[in-house]
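One structure is given here, and the rest of the page talks about it.
Chain naming follows the written order as A, B, C and D, and within any one chain the residues start at number 1.
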Amino acid sequence: MIQMYNVSMIYPNGVKALTDVSLHVRKGDFIFLVGPSGAGKSTLTKLIFREELPTRGQIMVNGINIARMKDKEVPYLRRKIGVIFQDFRLLPNKSVYDNVAFALEVAEASSKEIKKLVPAVLKLVGLTNKADMLPTELSGGEQQRVSIARAIINNPIMIIADEPTGNLDPETSWEIMNLLVEINKLGTTIIMATHAKDIVDGLKKRVIAIENGRVVRDEQKGAYGYES
Amino acid sequence: MIQMYNVSMIYPNGVKALTDVSLHVRKGDFIFLVGPSGAGKSTLTKLIFREELPTRGQIMVNGINIARMKDKEVPYLRRKIGVIFQDFRLLPNKSVYDNVAFALEVAEASSKEIKKLVPAVLKLVGLTNKADMLPTELSGGEQQRVSIARAIINNPIMIIADEPTGNLDPETSWEIMNLLVEINKLGTTIIMATHAKDIVDGLKKRVIAIENGRVVRDEQKGAYGYES
Amino acid sequence: MKVRTVGYYFQEALTSLRRNGLMALASVGTVAVALLILGGALLTVLNANNIMKSVENELLISVYLQEGVDETAIGDLEQQINDTPGVAKSRFISKEESLEKLRQQFGETKGSLEFSRNPLPDSFEVNAEKSNLVKGIADKIRGLSGVEKVNYPAEVVQKLSTLVEWVRLIGAVIIILLALAAVFLISTTIRLTVFARRREIGIMKFLGATNWFIRWPFVLEGVFLGLAGALVSGLILYFVNFYIVEAVKQFPFMRVQTDMKDVYIILGSLLGGGIFIGAIGSVISVRKFLQV
Amino acid sequence: MKVRTVGYYFQEALTSLRRNGLMALASVGTVAVALLILGGALLTVLNANNIMKSVENELLISVYLQEGVDETAIGDLEQQINDTPGVAKSRFISKEESLEKLRQQFGETKGSLEFSRNPLPDSFEVNAEKSNLVKGIADKIRGLSGVEKVNYPAEVVQKLSTLVEWVRLIGAVIIILLALAAVFLISTTIRLTVFARRREIGIMKFLGATNWFIRWPFVLEGVFLGLAGALVSGLILYFVNFYIVEAVKQFPFMRVQTDMKDVYIILGSLLGGGIFIGAIGSVISVRKFLQV
């Protein structure tokens, strides 16, 4: 599903966010990206859906070389990837319902489909009674859940989640994680950057640890810290 | 330091965020606010520094009735309270240094003081080498630490922290918590809304649990969940 | 592009207009003001041009004939004058007619202007097509046989013809400048509107929206803004023009013959211009924020 | 307010201008365009007014005297005419002078205008102070003894006086409208600039900034924008006015006596207006977002 070969990312201001990263992600993988603050986790995820282009190296997503991709093709790649952003990125002028519906709108889904799917997904994340509110009228955790709903509604082939439980209480976090595990079981690849030790240790999935822009550990059934 | 009497908060859209909350916070307290997503934790903190006015009830902060306070006096109240916002609220056009310096600037501190204090605080949160960057050039955790630095630099009588470690790895989280504990020891009251079970359980401070807008538990040396 | 998506575009544009009420109003206002000024200038120049033309037509060349030129010679002369390139029309004035005029000029007391014989000459009054042709025509006619003297308000004519050229030139320059200013104002307003929503555009891109999917609502919004502004300014101009033309028509030396077709063309261009600028302004303004 | 804080305000304003480069440029441009149009209109009306005045001065009342009025009576009459309220000046023209003029008018051929005795009357040329006084003066003079007939370009005078009033009125209305438009455009621009930074303002408030602490940089920014725009428009207007006045001066019937003091007053007001609008616009625009 994803192949990275010697990828380096240097931001315009000179910060070396990633250095020489090589990775293989198979279809159906469930991966935790862990590492200290500023290690480069978000940068790695941004490369996959082409928010940023790598300074060096090759990235293949779903068989397509991302660097060589035409600008016109980028939207179609992005529609196949559901992204839960660290900073939510909700549209401020749209209600919760419209924010979630937007992912379908973008893919020109039928109005019937939208009317069926959106309430169902809102129910999954527990926001049915907040459907008509604006993002600014939500608590932090509620905003995060809207962003989760939007990421999964499109039935994507891959979900990228950047600290999707950072603003959630343990109980809600586990509900969301169980949801992601279910989705993963249906074949969707999941890449999740997180600091939640409990969750990583509890689920025993593949763990990729990044420090200072380098992959320092890549374990199947791994834990948050080094097994000690 | 803070007295709340039968405080209720209903947002304009009709959401009952807090119902009949009464609280006493003494000077030097270290309080964890816990509760599920959307319980009303952020709303409670917003009432203290008067981001919102309560629908009903009285709030005294530092001996002043907040509802009766004149608009002109509000800034002086806020300068005494350091707030770490859940959504960071960094000024997008100012560098990390200027964002932190702004809290001093607002209080018309001398340029000498600013030049002395800002680098020291940036060092405390581990951002010395990011001083010249803009917030958009930072990782989520780095932004959170800027917001922490800004909240503590003014030597406030009270710090309100809304999930200050949501985007931080466990190690950095503990560094920040230790910092807050130190500051607390010097006499600063600290109120922290959080979902970090480890931290709450580890520090054994006063815990106030909110559910559905009501205080359901208020324990000295408490834990995140009910002792079971 | 599905019908449903087109519906979405319209809905988006309208919702955005409603949500950004104040800004939308500001934009419509700016477009209206810009087009009002531009349209006002266009109509002013149009009317001024018509006034100028009527003033030009008043400029007469007086051709005085020699004593004793007979009727057939006068007929010949009239033919020759009318054949001179640039002559709009000519009128023969007999010496009797001239004397009558003179009498009227200096009061009516009998006797004060009684001559043994009429000392005034026969003459022609000649109108030129354009004021800058007057001198040439006068020189040509002076050479014709039977002509004693040709008079024209020499300095005035020359200066007037220069003035008319100048007014036209300055008018054109002013209108071009105002048109540029209008385009600038409108596109600035749209740019600021888009700028305030740059983050939204970025988010849409990250969710897999194509550029045109993002652009369309903005373009429609721009079109609505441009249209609304143009309509407001158009209506105001129409009535103001109407009243001013009516008022000015009272003055005999300002026989304004403003063709309503011209007015409609100007108003139509304003409308088209407003819509076009609104749409193009949106496309250009959005472009910068689509690069993600 | 400490000196250090004032320094901070200036620094903030300048930094913000630099960071929002494009928007700042757009604002300056808008201010410049708005003031340019306004100033242009002011100068046009000023010049037109001067032209009008010079045209008014050309309007003559011709007073023809009866035959045989003697020199002392003429002197009396001159006195009486000059004492008539509204008369600017008068000039006596003897019958000989009149004849000379007439001769010049109809060619130079001797003989054609030789009379047994001069049939033309003595006359006065009288200038009125204002065109709408002409009729009154003429009526008064007509009643004086020794006056045979009083002529004045009756219709023209009446119409002209109405026209002049109209031009002044319309000019005033247009200028007021343009001034409103300028204020509107400038304040809109500033409002949009502030709107794009509404979040920032909220954040500052939450950090304990007083309203004036937040306002000052915006006010200074507004002042800079207004100043820059006013300077640009002022310079352009100064030179355009200069060239146009020079060009127009060539025409004798447009003896424009534009007092440079008036021009400086207009340019000065533009500058002051730009700064004022910039500052006030900022204060008003920021106000809405200070309510947190």
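FYI, a contact is a pair of C-beta atoms (placed from the backbone, for glycine too) under 8 Å apart; a residue touches a chain by one contact, two chains touch by 3 or more.
Only a predicted model underlies this, so the values are computations on that prediction, with no experimental measurement involved.
Enquirer: Spelling it out: a chain qualifies if it touches chain A and also touches chain C; which chains qualify?
Expert: none
Enquirer: Kindly list the shared contact partners of chain B and chain C, in label order.
Expert: A, D
Enquirer: Of all chains present, which has the mean Cα position farthest from that of chain A?
Expert: Centre of mass proxy via C-alpha means gives D as farthest from chain A.
Enquirer: Could you state the distance in Å from the CA-based centre of chain A to that of chain B?
Expert: 28
Enquirer: From the mean C-alpha coordinate of chain B to that of chain D, what's the distance rounded to whole Å?
Expert: Roughly 62 Å, centre to centre.
Enquirer: Indicate the whole-number Å distance between the mean C-alpha point of chain C and the mean C-alpha point of chain D.
Expert: From the centre of chain C to the centre of chain D is 22 Å.
Enquirer: Quick one: chain A and chain D, Cα centre-to-centre, how many Å?
Expert: Chain centres of chain A and chain D, defined by C-alpha means, are spaced 67 Å apart.
Enquirer: When you draw the chains as points and link the ones that touch, which shape shows up: line, ring, star, complete, or other?
Expert: ring
Enquirer: Once the touch criterion is applied, which pairs of chains come out as touching?
Expert: A-B, A-C, B-D, C-D
Enquirer: Please name which positions on chain A make contact with chain B in the complex.
Expert: Against chain B, chain A makes touches at 11, 13, 15, 34-38, 41-43, 86-87, 133, 137-142, 144-145, 162-163, 166-173, 195, 197-198, 224.
Enquirer: Mind listing the chain D positions that touch chain C in their complex?
Expert: Contacts found on chain D: 22-23, 26, 29-30, 33, 36-37, 40, 64, 67, 105-109, 112-116, 119-121, 148-149, 151, 155-156, 159, 162-163, 166, 170, 174, 178, 181, 184-185, 188-189, 191-193, 195-196, 244, 247-248, 250-254.
Enquirer: Could you pull out which chain D residues touch chain B in their complex?
Expert: Residues in contact with chain B: 1-2, 4-5, 8, 15-16, 19, 199-200, 203-210, 213, 292.
Enquirer: How about chain A: which of its residues touch chain C in the complex?
Expert: Residues of chain A touching chain C: 49, 51, 72, 75-80, 83, 85, 89-93, 102-103, 105-108, 110-111, 150.
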